[in-house]
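Some structures to go through are shown next.
Presented sequentially are two complexes of chain A, the first with chain B as partner and the second with chain C.
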Partner chain A sequence: MPESEMAKQADPAKRLVEFTDVSVAYDVQRAAFWHRKPPPFRAIDGVSFQIGRGETLGVVGESGSGKSTIGKALLGRAPLATGNISFDGRDISKLSGAAMRRLRRHIQPVLQDPYASLNPRMRVADIIAEPLLVHGIARGKEAEARVAQLLNLVGLPSDTASRHPGSFSGGQRQRIGIARALAVEPDFIVADEPVSALDVSIRAQIINLFRDLQQELGVAYLFIAHDLAIVRHVSHRIAVVYAGRVAEIGPRDAIYGSPQHPYTRALLDAVPIPDPARRGERRPTIRGEFGRPGDEDHGCRFAPRCPLATKICREAVPPLAAKAPGHLAACWNS
Partner chain B sequence: MTPPPLLEIEDLVVSFTTRRGVFEAVRGVSLHVEPGETLGIVGESGSGKSVTMQAVMGLIEAPGAIERGAMRWNGEPLSGTRHGPRAAVAGREIAMVFQDAMTSLNPLLTVGVQITEVLRRHKGLKAAAASARASELLRLVGITNPEGRLHYLPHQFSGGMRQRIMIAMALAAEPALLIADEPTTALDVTIQAQIVDLLAELRDRLHLSVVLVTHDMGLVAELCDRVAVMYAGRIVETAPVQELFAAPAHPYTAGLLRSMPRLDDSAGRLEAIEGSPPDPSDLPEGCAFRTRCPRAQEDCIHDPLTTDLGSGRGVACWHPLAPPVAHGQEARVHAGE
Partner chain C sequence: MSLTANSPSASRPAARRRKPAGLLSELLGDRPAVLATGFLLLIVFVAILVPLIVPHDPAAQALRARLDPPAWLAGGSWSHVLGTDNLGRDVLSRIMYGARTSLSISLTVCAIASTFGIAMGLIAAYVGGRTDTILMRIVDTQLSFPDLLLALTVLTVLGSSPVTVVIILSISGWMVYARMTRGIVVSARHEGYVEAAELVGCSMPRIILRHILPNIAAPLSTLLILEFARVVLAEAALSFLGMGIQPPATSWGLDIALGKDHVFGAWWLVTFPGLAIALTILSANVLAAWARVTTDPQEREKRFARTVARRSGSKRR
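== the complex of A and B ==
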């Protein structure tokens, strides 16, 4: 894909996914039965973004910041408190059960743990063919042929089909998971930390596979990861989330080249430089503990750790505002 | 005569008995750590990094056993059993920080109780002195209000704080060597950076030797003086950190460095190492990397010996990559025969 293409904002005509002011609230258990029920916990809070066809939006942020929750909301697996999510022009929160099931075909998950996410008792062929049967797309000989084709696509030998997942390495299992997700020809894949559990030498293979499949099939990704170098490699645009809110979103090169939010800068500064000759160049980073969704509701949630924080930061929530075309940050002082 | 290394491991073999038979997880590892030095150990998952360090700490338990090998501390044998050295040296002079702080802290005891216990056992401190010292240690690792926090249970701290408490506990006995096994893998980058800076600072201030086991070449570049690269139970390459990054000799090391996505570059495909890591109970004959190696030839079916490349470098490969040479002349490296 040409670099100029990669940097572009999702073109409205090609818009596939649209989050508008989405909040997810989980019920919180009361500490004891005589206590009043605490208010629901907002894991994400007023999140808005778009993803175009064939585009990858990378999502980064610290543990507990709400990355997986964004993915779950898209898969229809999280309770929305506000906002709406549209997919291909349809509001998915308003769909009936049957319509939702039909839509599911177009949005497929690839999950972090290739060890836990495949049923060990099923043959690989059946694992991959299952969504074909469920959605009534193919069966019998036709499904079998499709499985062979998919295995080939993800770089696995065809004799893989008759084996069980237990006998495969992590990287091979992740390929099986990807083949299964691709079986129904989805427009969109939610990949939640798809390489974190893999060996360093295998990660590069799977990252390449994600890129190749996008070029061949035009599938779009929501790609969630901790590793900023990996996200840079796979994404067209990147959303940085902090404590349940989008801190910054923009084209890849703008995020890495001219980060606007102090949290994004802190994240980039914290990455060790893999070159001993440049030892000591990494700048000292922010201190303090994680931001929690739900904290600091009156102001910027990053304020307690932010080197630039001023009075207004503790008093008013900074709006997500454009700093350059398609490049938005929620910070009063950038 | 030069003084002996602080820690020396020679030809260590550790095996595990499983339902499928006995396999060797560590297959003849030799390494040494000098006083004040930071040694990085990197390598594939399952290559034996943790098992090697557990052997040093005397933590190999059935179904595992040390089959062979010698370990020396300041030149003296770390006397022990088939399961490793006795806890005397390990624990007092050598301390270890494990990957998962939550499982190595007792969830039912306050951190104060856990740290003072180490101080009483290894330093013979009485209650009052021990708790004063425990606060001091927590402050050293950057925990604010340590006196108050001594009464907290582990789950009342965040992941990054628990990891720092583990480091405080490891330092309580004033060890000469700190073994940190993936001390930051479970943490976020900003918290990871704090731990790394802390380790570097403590090392310089307390003149500690450190063994850092990690997957992260970035951490190695930042912290280590020397690196040992493991693959399938063996050390396949050792080198000073600068040389390793500038000119890796083993094809696996070279592949590892090339396949790493970089923060300052987003161009194109990554250069992956093809294939997958071998099953430790069913290794290829000869060089275990043979089936994935772009430089493999027929003779790789024989076990490669470790070749001394000079200036502290060694490589176990029949066809190592040539180190860069001064006069634009192609160097020929002869693998040991």
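== the complex of A and C ==
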């Protein structure tokens, strides 16, 4: 790994999160004693990146690419096989129990499904106040006041507090989820596809909310999504993940303006053009099946579907190399 | 048509009685459940107050008044409303004391078995892995064993006392709680809000108490009522077979056992304790059915729709 190139991505002084060669492996099957244990499944493999304070890294990839696993690893819910994760200069990859719970004061989640992630039996006020209680920040009247303030911050009326989540729409519920994440004033929020379950018409509102909150509070995001159009508006930098590896990472405008990896180009081409006059225009698409990460351990994982693939692509893993300052891609041919 | 077949009188009082809030009003709208609850409350009331309200000492023998029939039959007297047994003891008083025995044994058994069972279920679900497997295999093994036979064997060997009866019935009753708790907790752990609670930083006890146990409360109440009925029956069966409650004490099962020799001459000796057992179990089952419907939002909606349909059907006429 070209360490010196990595360092350029974020100013070390402002660096908040750092992944160094992180792999997550899941056991496919429990070992029975008359069978050999099958090799573990690598959901992500040798992932490295940094995120600075107050910065948003958008992570894009298709289903099964490991983008959610990156979020899980950061939240301490994925078994690390190699590498380490540091947060605010501290190695957090081996934390557990009480130390992990203390860390959660600084890293909070916004989950994908706002219909499942709020306890239907609790009042909204109790849902939002729960992080305050468990981290011993506020209780009683003080917590109530904080809840009112948070509801205001995420744009919900104050009478929301006394109601149950069942009486709210998806977008409103996601706002409640965001208010809960913000309650402890975290430095970092992992947003795992926070708008995927929402109606297209309200996605923009929630994305704008994320952006406004960042400007107001200086919180940093890992923003996971499965399409480039969504992360474009919130991200400062974008990482494109394919089959458990980072295919390309760089500043937003560089990713959209001059994509280096053929997979990124394919993703950009897949974004529909909202212009009926250009309807008939055919654009190149990638074909074939998405290979499972861990199936083959030599060569580029995108090679079987890549229009540019040559011999070397099938023989050696392309390193994540700088194509421009701060813009890295793992491709032999770009 | 089912709409018109229902009597309109059933719905009208229900329509007027909508003031009492929440559960109580729902209970009042369901006649069988009201009767069942009423009967169970009566039994509880009697069991608690029995020394104050009992007409006779249940053990007092009066050999002159042997095998007196119930009051409303020829030869009966109002001093022994339900008649007397072969030793002249008052049947009603014995049933009232029997209620105390049955209730205290059943409730103790339910409390012990459910506490232990829920604890085991939580451990199995939370620790998982080998602990889970071993605990659940123990549950399977015990469930495959006929529990009454086990109880009889143990009681024959150890000798019978109320404490042994409680212990043996608790040992044969905890498995259902463990299995149900484990099932619900395992599925609740994958709920988004439980994951969210973990990620937010809640401790495990808090997650179990605040986020998981509320899911168990509803099905558990149904199970508890059903198990209560089962234990009442089991205690009666053990006492009937002579391995449960022993003579100077009273129990419904014991009364039936003593009365069976006189069943042709004095039917009231077996009939009234038998009715007490049957009605208690029936009431418990009716109440359990109501609790099941009430705690299941879908079933509840159906019931609500039926009530509305019945009400509008009666209005049309």
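Assume the second predicted complex is superposed on the first by the 313 of 334 C-alpha atoms of A that agree within 3 Å, B and C clash if a C-alpha of one lies under 4 Å from a C-alpha of the other, contacts with A are read in each partner's own complex, and residues count from 1 in each chain.
Basically, a residue touches a chain if its C-beta (ideal position, glycine included) is under 8 Å from a C-beta of that chain, and two chains touch if they have at least 3 such contacts.
All values reported here derive from a predicted model rather than from experimental measurement.
Colleague: Which term applies to chain B and chain C once both are placed on chain A by superposition, clash or fit?
Modeller: Aligned on chain A, chain B and chain C fit with no clash.
Colleague: Of the partners chain B and chain C, which touch A:Gly46 in the superposed model: first, second, both, neither?
Modeller: neither
Colleague: Could you give the angle made at the Cα centre of chain A by the lines to the Cα centres of chain B and chain C, to the nearest 10°?
Modeller: 80
Colleague: Between chain B (first) and chain C (second), which, if any, makes contact with A:Val134: first, second, both or neither?
Modeller: second
Colleague: Just to be sure I read the superposition right, which of the two partners does A:Gly244 touch: chain B = first, chain C = second, or both, or neither?
Modeller: neither
Colleague: Just to be sure I read the superposition right, which of the two partners does A:Pro194 touch: chain B = first, chain C = second, or both, or neither?
Modeller: Touch status of A:Pro194: no partner.
Colleague: Check whether A:Gly58 is in contact with chain B, with chain C, with both or with neither, and answer first, second, both or neither.
Modeller: Neither: A:Gly58 stays clear of chain B and chain C.
Colleague: May I ask you to decide whether A:Val271 touches chain B, chain C, both, or neither, giving the answer as first, second, both or neither?
Modeller: In the superposition, A:Val271 contacts chain B only.
Colleague: First (chain B), second (chain C), both or neither: which does A:Pro109 touch?
Modeller: Second partner only, chain C.
Colleague: Of the two partners chain B and chain C, indicate the one touching more residues belonging to chain A.
Modeller: B
Colleague: For the overlay built on chain A, what is the smallest gap between any CA atom of chain B and any CA atom of chain C, in Å?
Modeller: 5
Colleague: For chain A, which residues lie in the overlap of the chain B contacts and the chain C contacts?
Modeller: After superposing on chain A, no chain A residue contacts both chain B and chain C.
Colleague: Which of the residues in chain B end up touching chain A in this complex?
Modeller: Going through chain B, the ones touching chain A are 44-45, 142, 158-161, 188-194, 196-197, 215-222, 224, 241-242, 245-246, 252, 255-257, 259-266, 269-274, 276-277.
Colleague: Can you tell me which positions in chain A touch chain B when the two form their complex?
Modeller: Touch residues, chain A against chain B: 62-63, 169-172, 199-205, 207-208, 211, 226-230, 232-233, 252-253, 256, 266-279, 282, 284-287, 289-290.
Colleague: Enumerate the contact residues on chain A facing chain C in the complex.
Modeller: Touch residues, chain A against chain C: 75, 77, 101-102, 104-105, 108-109, 111, 113, 115-122, 130-131, 134-135, 177, 180, 184.
Colleague: Sort out for me which residues of chain C touch chain A in the complex.
Modeller: Residues in contact with chain A: 191-193, 195-203, 206, 210-211, 214.
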